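Look at the two complexes coming up: subunit A is in both, with subunit B in one and subunit C in the other.
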Partner chain A sequence: MFDILFIGLSLSSILLLVALGLAVTYGAMGIINMAHGEMVMIGAYVAVLSNIWLGANLLLAIPLAFLVTAALGYGLERLVVRRLYGRLLDTLLATWGIAILLQQAIRLEFGLTFFGIHIEGLGSGLQNVPVPQFLQGTLGLFGLQLNSYRVFIVLVTLALAGLTWFTLYRTPLGMKVRAIIRNPQMASACGIDVKATNAITFALGSGLAGVAGVLMAGFRSVSPDMGATMVVDGFMVVVTGGVGSLLGTVAAAGILGEINALVAIFFNEIAGRASVLLVVILVILLRPAGLFSFKGR
Partner chain B sequence: MTSLLTNYRIWAYLVFFAILLALPLTGDDFWLNRVAKYLCFGMLGAAIALTWGYAGVLNLGQGLFFGLGAYAMAMSLKLASYTSLQQGSDQPVPDFMLWNAQPGASTDLCCITPGSWLWIPFQSQWFGVAMAIIAPVIVATLLGKLIFGQRISGVFVSIITLALVLLARLLLVDAQPVTNGFNGLTDLGYFNLFGTELDPYAVTTYYVITIALIVVLTLARLLVATRAGTVLQATRDSQTRALYLGYDVPAYQTFFFAVSAAISGLAGMLYVVVAEFASPSFLDLTFSVTMVVWAAVGGRGSILGACIGAILINVLEARASETEALVEAWKAIVGLVFVLVVIWLPQGLGGFAHDMMRRLTGRRRPEALKQEVRQ
Partner chain C sequence: MTLKRRQFLTTAAVSAGALALPGYIRSARAAETVQVGALYSQTGGLSVVEKMLASAVQLAASEINAAGGVLGRQIEVIVEDGASDPKTFAEKAQKLVIRDKVETVFGCHTSASRKAVLPIFERRNAMLFYQTHYEGFECSRNVVYLGAVPNQQLSNYIPWIINTLGKKKFFIVGSNYVYPREMAKVSKSLIEAGGAEWVADEYLELGHSEWAVMVNKIKESGADVVLSHVVGDSIISFYREFRNQGLSHADLPICATVTSEIEIAAMGPEYAAGSYTSFPYFMSIDRPENKSFIQRYRDFVNDQKAITYHSLEAAYFQLFLWKQAVEKAGDFTADGIREGIRGQEYDAPGGPVKVDADNLHTWVTPNIGQWQPDGQSKIVDSYGQPIKPLPYSGYGETAENLFCTAAGLDSSKL
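So, the complex of A and B:
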């Protein structure tokens, strides 16, 4: 039984990894960032490239990916997202366009393919990143044999969730962000620079996606279209949990991941995935504000 | 009468219809077949404009209705195919069912594979045609009653429809013995329209689809001009106000949602007639979002604009994919154009054309229309 729960836990932690960044951008800024999955993908490619060109292992790629995707996110906010505040569905569409652009940028190696130049690690093929020696194999815990890398992912996810919580609830920046979540106009009237805060928030959310990408590169192959399905899962987690509620996002990731694992083991893989989709639909129908949500003011 | 002649909107429709009807004069059957496919996509664009532009409901699962229509038609055409008639049974039996059948199972449509009895009524083509419209309408009505009855709006509708189309795709692929799963339905027969076989490359087929599109566009345009259409737009601009004015908002929303589903089902049905296959890719998330892209570029607030947007993008894409180097770059171009359109032309090409015409005819754009961009 515990091994099933552990599989569920590792599924949950992957969902949470993707959803954390979205919880920040969607919850705080009202931006539906469909390019979030592509940020995950780019994080994964940072791991691939740093492995090939720098010989760096996964652990080193984590801060690198965070910087690259955070910078990219910052630029994106400045260039595109900034113009679309208050137009929720339009942000969804514009970021979808950006998602396609980012995918094609990797696939075409930033357009260099046209000049016959090939960069190793890019292109449309599948890439793989080796997992460091000490994360391979299994780990004995409470009499169970657990996959070390999965344990590592769960731990890193917990650490990131803790860090996000700390940033949001124990720092001056977090206080500003929470004020903007509750009421942007009022926050602005109180002297908070909403634009600057939003740009940093978006960068942070994207950075989290980049870290998620590095961790994913460790257990699945990396390809330009890996992000597309992830963003959907991430959104379902955030919406199920309740927009603007970090606790809700964590809880929803936990619940959906466990449901997926339990149903998948007792029935089959497809039933597991289907039950997750069903639960999401039911939650939105019955509690449109999500499982854990505060009253907006 | 003078107002009719000076009304550029009516002229836009008429010119568009005339171009479509005149297109077979080019005599290129291969392109005619392609354009016929894109006309089906044009219907999808109009369906999206109806719900998104006029009702403010962004359906990210329109592919579900398209897919239902496509599969209903494909099931009928599969049974009409010669590959189904040669399986040693007096009834037609789809070839993939024989490959999936348990050893010793009777080669009869009733019980060859679990669930194959669902196919029995589809031996009549008109049953397939009816189901292609009825099934999407039933699903949309039930869904609309649930969603709009709960006063769910905005992004939440998008997420529900998105989850639903993904769920449907999973089930469709999983039901391999009935739907041929991932491979979809191929090797279809021709549709028999009162004794005329609709060869996908024949001019007759093109005209059937063109006339269907003209009827759909005209009806949809007339529908939004009715009182119900006005109430719907009022709902889009302020749901609460429309509710307090005493309108049964969920009923209006559900009705238009169902109409949009019917159009999508029809589009799916006709697409199968010309494309000769139905596959689970119709229910891919990417396809559903792509439809929204067409409508957004063409103009979400204009039924004709969204329809032309869909056709134009597809024609350009087909042209671009003839050059090998452009295939991948084309996607990037679409992505870029899309970002630019959303930022600078939120009402798409249709809205842009409206603005230009207003400026030319000296009429000012009403204030309310400017506001609607900001939801």
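So, the complex of A and C:
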């Protein structure tokens, strides 16, 4: 039984990895960030490129990817997203466009393919990242053989969730962010620099996506369109959990991952996936604001 | 010699065009060329593989042209982009067949794209050359099928797994769409005929990469061999998860029908070392023709590390079979090609192939390769000679009782 729960946990951790960043950008800032999956993809490419060009292993790629995607997110906020606050559907379209641009940038190697230049690690092909030796194979725990890399993902995800919680609830920045979530005008009137705070928050959410990408790269292939499907799962988790609630996101990822694993084990994969979507529909029908939500937005 | 004004202008225009676009010199001499279509995705998710197929077609065309062309005419390949989308494939097929009036198109990779273009070829009576191994269950008079059908990948593979590897309990796993399900159908009847059993038949959504549950099931199932019909990206995460849950190909090998050199390179060869694949062609086939083919392909795409695999080889040799058919018929029409190609033989890089006179599918030699740590395969078993393609083998078709003949499909037998 414990091994099934562990598999559920590892499915949950992967859902949460993608959803964490979204919980910040969508949950806290109200941006439907369709480019979030592409941030994950960029993070994965940072792992690929740093391995090829710097010989860095996966662990070193984590902070690197965080910096790259956070910087990219910061730039994005300053250039595009900033002009679209309060226009939910416009953010959807604009970030979707950005998503396509980012995909093509990787696929066309930032346009260098037109000049016949090839950068090893970019392009439309599949890439892969070697996993450090100590994360390969299995790990004996409570008399069970667990996939070490999955244990690693679960631990990193927990650490990231903890860090995000700490940032949002125990730091001055987090206090400002929460104030802005509740009421941006009032926060501004109280002397909070809403623009600067939003830019940093968006960078944080993007950075989290980048870390998710590095961890994804360890167990699946890396390709320019890998992010497109992830963003859907991410939104599913955030909406189910309750927009704006970090606890809700964590809980929703946990519940959906376990349901997926249990149904898939006892029936099959297709039913597992379908049951997750069914649960999401039920939650949205019965509790339109999600599992955990606060009022007075 | 004095040039008249008009002649001079024409000559000047043609040479200016030729200078500006050296690649299109041949199109300026339209009278001496024959146009064929190459319909492959140049963009989108499938473009990685399909661009390679398009290159193989162009390589073959350039070699045929260098050797004097077909019936004295140079081949001009019109490349169209299917954009990884069946609807776009259909539009581009219409463009090629109706506007460009080509009689032959080489192309399509997925069954979805082939099904989308099929009505156009049948209605307009043009020929499609389709190089990818597929699930069978099709019998069109307007398609020449160059890839393997299920009986050519499975009929010696499963008995070999049972008898040589000594495996008795199969776990069948695939991606959830028509190809893996048809393959599973044929597999099951062969497994039962061989006196072994299958303990599970499970599918994962196409393109999904979350294998934790499935691999755990495989582990718990008591199976001693995994028969994989998984396709695409999912293959990579499957093999990785398999190893990372502590399973080994030495005790519980994955025997695959789709995993090729491309996926092995993308996952990291150490994850697949020891597992098996059944294909008519492997890059490692030790023939001078193959070595030369790999080198010519690498030079052509200007990448000395480029990989060749089953569909790529078929994409290449299909043009030579087409050339032979045209030469036999004496013209470039679809009707001529269809009749001319029946029974045509060619010595392809991986071994001799022959187009079947009945069903326009191709006789190929089944080979079983075991993947090595360097990402190449070692041929551990070969049928030795090409075997007859039976596109309806999953429904009881045998060489004595054909469902698909030159007259078309006998649907009363289904």
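The rule is short, and it goes like this: the second predicted complex is superposed on the first by the 296 of 297 C-alpha atoms of A that agree within 3 Å, B and C clash if a C-alpha of one lies under 4 Å from a C-alpha of the other, contacts with A are read in each partner's own complex, and residues count from 1 in each chain.
Note that in this section a contact is a pair of C-beta atoms (placed from the backbone, for glycine too) under 8 Å apart; a residue touches a chain by one contact, two chains touch by 3 or more.
Computed from a predicted model, the values in this text were never measured in an experiment.
Colleague: With the two complexes superposed on chain A, say which partner A:L108 touches: subunit B (first), subunit C (second), both, or neither.
Modeller: First partner only, subunit B.
Colleague: If you stack the two complexes on chain A, which partner ends up touching A:Q136: first (subunit B), second (subunit C), both, or neither?
Modeller: A:Q136: touches subunit C, not subunit B.
Colleague: Thinking of the overlay built on chain A, is A:I100 touched by subunit B (first), by subunit C (second), by both, or by neither?
Modeller: In the superposition, A:I100 touches subunit B alone.
Colleague: Give one of first, second, both or neither to describe whether A:R273 is in contact with subunit B, with subunit C, with both, or with none.
Modeller: both
Colleague: Based on the superposed arrangement, let me know which partner A:I7 touches: subunit B (first), subunit C (second), both, or neither?
Modeller: second
Colleague: After superposition on the shared chain, which partner residues are touched by A:S148: those of subunit B (first), subunit C (second), both, or neither?
Modeller: A:S148: touches subunit C, not subunit B.
Colleague: Output check: A:I281 vs subunit B and subunit C. Expected answer is one of first, second, both, neither. What do you get?
Modeller: first
Colleague: Once chain A of both complexes is superposed, is A:I192 in touch with subunit B (first), subunit C (second), both, or neither?
Modeller: neither
Colleague: Kindly classify A:R87 by the partners it touches after superposition: subunit B alone (first), subunit C alone (second), both, or neither?
Modeller: first
Colleague: Find the residues of subunit A that appear in the contact set with subunit B and again in the contact set with subunit C.
Modeller: After superposing on chain A, subunit A residues 124, 229, 270, 273 contact both subunit B and subunit C.
Colleague: How about subunit C: which of its residues touch subunit A in the complex?
Modeller: Result: residues 45, 47-48, 51, 176, 202-205, 207-210, 212-214, 216-217, 233, 236-237, 240-241, 243-246, 262, 266-268 of subunit C touch subunit A.
Colleague: Which subunit A residues qualify as touching subunit B in the complex?
Modeller: 32, 80, 83-84, 86-90, 92-94, 96-101, 103-105, 107-108, 111, 113-114, 124, 228-229, 232, 235-236, 239, 270, 273-274, 277-278, 280-281, 284-285, 288
Colleague: For the complex, give me every residue of subunit B touching subunit A.
Modeller: 58, 146-147, 150, 152, 154-156, 158-160, 162-164, 166-167, 170-171, 173-174, 285-286, 289, 292-293, 296, 325, 328-329, 331-332, 334-339, 342-343, 346, 373-375
Colleague: If we count contacts the way the header does, which residues on subunit A are in touch with subunit C in the complex?
Modeller: 3-4, 7, 10-11, 14, 124-128, 130, 136-138, 145, 147-150, 219-221, 223, 225, 229, 260-261, 264-265, 268-270, 272-273
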